[in-house]
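Take a look at this one; I'll ask things after.
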Amino acid sequence: MFLKDYISEVYNGVSSLLKGMRKTGYYFTHSKEIITEQYPDNRATLKLADRFKGEVVMPHDENNEHTCTGCTACELACPNGTIKIITKFDITPEGKKKKAIDAFIYRLEMCTLCNLCVAACPSDAIKMAPNFEHSVFDRSKLTKILNNPGSKIKEGIE
Amino acid sequence: MNISSILFYAISALILGAGILAVTSVKIFRAAIWLLFSLIGIAALYFWMQVEFIAAIQIVVYVGGIVVLIIFSIFLTQHSGKEMNSPARSKKIFSALAALFGTAFVHNLIVHYEGFAFNSAKPFNPSVAEIGTQMLSTTSYGFILPFEVVSMLLLAAMVGCIVIAMRPANTINSEIPNSTTLVNNKD
Amino acid sequence: MLSLESITKTTQDWLFAKFSPQIALTIECVIVILLAITLFAVLGLVLVLLERKVAARIQIRLGPNRVGPGGIFQTAADTLKLIMKEGLTPDAADKFLFNLAPFIVMMVAMLLLAPIAFAKNFQIWDINIGVLYISSVSSLSVIGILMAGWASNNKYSLLGAMRSGAQIVSYELSAGFAVLTIVVLTGSLQISDIVAAQENGWWLFKGHIPVIIAFVLYIIAVTAETNRAPFDLAEAESELTAGFHTEYSGMKFALFFLAEYINIFIVCAIGATLFLGGWMPLHIGHWENFNHVMDYIPSSVWFMVKTFFLIFLIMWFRWTFPRLRVDQLLNLEWKYLLPISLFNLLLVTVIAIMGWYF
Amino acid sequence: MYNQTEIIKDTTDLGPEGELIVNMGPQHPATHGVLHLVVTLNGETIKKIEPHLGYIHRSIEKMCESLTYRQFIYVTSRMDYLSSHINNTACALLVEKGMQIEVPERAKVVRTILNELTRIASHELWIGAMAMDLGAFTPFFYAFREREMITDIMEDTCGARLTMNYIVPGGLMYDIHPEFQTKVKAFIKQFKEKVTEYEDLVTGNVIFQSRTKGVGILTASDAISYGCTGPVARGSGVNCDIRKIAPYDAYDRVEFDEIIETAGDSFARYMVRVKEMNQSIRIIEQLIDNIPEGDFVGKTKNVLKLAKGEFYQRVETARGELGVYIVSEGGTTPHRIKFRSPGFSNLSVLNHIAKGSKIGDLMATMGTLDLVIPDIDR
């Protein structure tokens, strides 16, 4: 019947709309559902995942020693040419020549944070750090030397 | 000269100025807009005369209805943005003559019957209910016959619209897919 | 008790005692104009902020909260930004009409303010055809939109203007019919008469189901007339980027934006006046004590509360529903709203003649 | 095809017979990226749509030819960035197939779970964007709330939220996070509670239904001849789920239904995606408690070299069938690589199905095609 269909159509339409309004009305009245995170204010409590891939860093221990042997496995694994390792030869106390890194150059602006260099490293010298606030005013500041000045390779790492 | 007459002359100037611009404008859309201002001016004149009902009806019918229709039809034409050619000189002369003749004729009529005498009788202020009663009354000065004739005209116009707007029934359901043509491509 | 009524009365008495009637009238005009402009500015700031806060709460966000405490100066800052921006005019636009259009829209909004009763005896112009005046003047705003859309010389604008024209012209009908139901019940077009008729109860409660239907129809129709979602086809941003005001920037855009919010305020104020008793306090039957307490709340507060309730309702619609398609919009009007409102008007007429309302 | 001068000429003037040519995009709120549509209109009715591509072309296929088989995987995350995991899986599967690398069961199961999570995340984003195209803003935020939980899980395990690069040839880059299982279970619980919201706000809404039902109808035969895959084809009644047809990873051991709707309109495509999310939840529920112990990566050589020949692998991404085709000359890098992306074929039907409808319908149709422009324009 035409009139009956017409009325039920109107009824169903209106009730579906009211259902939607009930849902949004629920959220309007329940302020604890708000999920906004006020980012720069919550820096102190901000918790990033420990695996978060923000940038490549080279951990140094308290004696300013790292474990990078300068094998360039990471340089080869990198798809973008982000890493450049400059090696030198140290003279050990026994008088032998030993290969070591002079500068571990890391260009953050070219890095896609793919983690392949970290996976390729045989001596776990580099890792990903959960830093994400990378903005700087000068692009050249994004080119970093990861090994600290005067740092040495840890004993026993070949 | 008091505020009231200043207002009258200002409104009249608006009506006449906008009217002249409407006929002289070379862009058709602008002509429509000037016509709109002219009609609004007439509504303002009605407000000035304190016949608010007529003023409101003037706005509803002429401004809200007719000018919007005109603008719509301008939109639907192709070259609404182009400047129109200036009309031939003979046309201009004849138009000016016709306008002059019309003005003279109206002036003559007014002078003949009433003159420009200012009628300061009691303000004409009928209530809305009176207007409604008068509209439907069958006594003398009742408007029932014109009212009904106009309704018939509008009904005819509406039926005509519906007939024009209806599209042939066969074009509606032609694009529904045939559900029997489902194909499986399992491999 | 300090009320707006006594303030206006003392001001008027003082002015007429001090100056000649013509000068006093002129001063009154200036005061009214200043008040209207102030109201516009304040309403613009408040309503935009309210909209953003309502949207944020519905969308489980916080909303603006950086400029001032709780973000209350956010809209002021936005306005400052818009004022300082360059108002670009496209090269191929019809410059005169392009620049005129926002002012037409704004002017119409200002004209509509005249017959609204903000409080008891606080009204700019209690015209005897109040409701008719409102529906006639509000039909002017479509001209501004059409003008803006055409003069921009932009295809999105033109499409938006066409849509908006078709939409406003058709939805005016059911808005008009909804208003007419109250006119039929009251027997007057004057705003003050309509409010006075609701002294012992608002029409929404007095007039049975037909008036409730008329109220719903009115809300739907004015949502469409003010180009608000789900009827915001004239500026449907996913289809037409910004519709008729695509090419506007700076203060000219701000005027369109402001006019939209002012129009919402006005239609809600009219809705509150017609259906919810305007500035009349809530009275329930014979509960004398309750009614007495309600009378203590100033009439302007009553009016504002009702208006803002309706504004909130319209905002709630916007942040819940998807947008209709242009042909569905017209279908809704011509197939559903118009027949229902015609039938409803007939029903109300019968009720009014038989005196079946309370 | 169109050349650039033609575009400029056409769009500055009205076409013949009152046609209106509108350039939608490359900067348009509904094209979700840099898609450029030249739409010929007659009033509000669409007469012709011509998609223009090339605004985000990064020559990913060419780039991959200069990268080794370990390196090229990360680039594929940038194609269809909403199903980056699945893209990576496709590449890893291809390399594993080409070198006969044995993948540990644990890696297979984790890959499957992550792929399904990615699919849910992609569909969640799509549902929000789709509602936004139709003018409803609020569902976007509700959808993103659930998607946020998935990206958090991804961040915990893979270390990134969008371009994970977690899958390597032979398995996974590192083991799953210790809290992976509990977090996924928490997500499933919340998802099941909140999924009714979409029904209230979107699916059941009368306006949404009238906007999508009977709009953009694609017949099954057209879907096949245009090469449509994924939810677009399944909405037209074509069964084309690669997870069923050619199971990979752990899909052969889980129970799930291939969702097929026969109406072929926008609403059918919408329903396919909504129901697919529930099926993904079903798959995850079956696997999450049964992640086998063991290695997460199989034994691989240090330098990967594919044998000389041609290799092809297809997977089901959130948008349809992604095919990876490699011609190898036996070296460490692919000689030629070709991605068969689902979005490209799905976009190609747009003119066919949106012709004759209104501009508003174009948004509904384009929304349900679920276009990701970097996927179309690699």
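Lettered A, B, C and D in written order, each chain numbered from 1.
Note that in this section contacts are C-beta pairs under 8 Å (C-beta built on N, C-alpha and C of every residue); 3 or more make two chains touch, one makes a residue touch a chain.
These numbers come from a predicted model, not from an experiment.
Student: State the pair with the higher C-beta contact count; candidates are B-C and A-C.
Tutor: Greater number of contacting C-beta pairs: B-C.
Student: Which chain's centre, taken as the mean of its Cα atoms, is farthest from the centre of chain B?
Tutor: Computed centres place A farthest from chain B.
Student: Taking the mean of the C-alpha atoms as each chain's centre, how many Å separate chain A from chain D?
Tutor: Comparing mean C-alpha positions, chain D is 25 Å from chain A.
Student: Averaged over CA atoms, how far is the centre of chain A from the centre of chain C? Could you give it in whole Å?
Tutor: 51
Student: For chain C versus chain D, what separation do you get between their C-alpha means, in angstrom?
Tutor: From the centre of chain C to the centre of chain D is 45 Å.
Student: Residues of chain C that touch two or more other chains: which are they?
Tutor: If we look for residues of chain C contacting two or more partner chains, we find 58-61, 319-321.
Student: Could you check chain D for residues that touch two or more other chains and list them?
Tutor: As it turns out, chain D has residues touching two or more other chains at 138, 145, 201, 205, 207.
Student: In the complex formed with chain A, which residues of chain C make contact?
Tutor: 54, 57-62, 65, 316-317, 319-321, 336, 340
Student: Write out the stretch or stretches of chain B touching chain C in their complex.
Tutor: Touch list, chain B to chain C: 2-3, 27, 29-30, 33, 36, 40, 52-53, 56-57, 59-60, 63-65, 67-68, 71-72, 74-75, 80-81, 125, 127-129.
Student: Touching residues of chain C toward chain B in the complex: what are they?
Tutor: Within the complex, chain C contacts chain B at residues 22, 94, 96-97, 127-129, 132-133, 135-137, 139-140, 142-143, 146-147, 150-151, 153, 158, 161-162, 165, 169, 172, 187-189.
Student: Can you name the residues of chain A that touch chain C in the complex?
Tutor: Touch residues, chain A against chain C: 10, 17, 20-21, 23-25, 27-28, 31, 33-36, 38.
Student: Under the definition above, what is the set of chain D residues touching chain C in their complex?
Tutor: For this pair, the touching residues of chain D are 20-22, 28-30, 41, 44, 131-138, 140-142, 145, 201-202, 205, 207-208, 210-211, 358-363.
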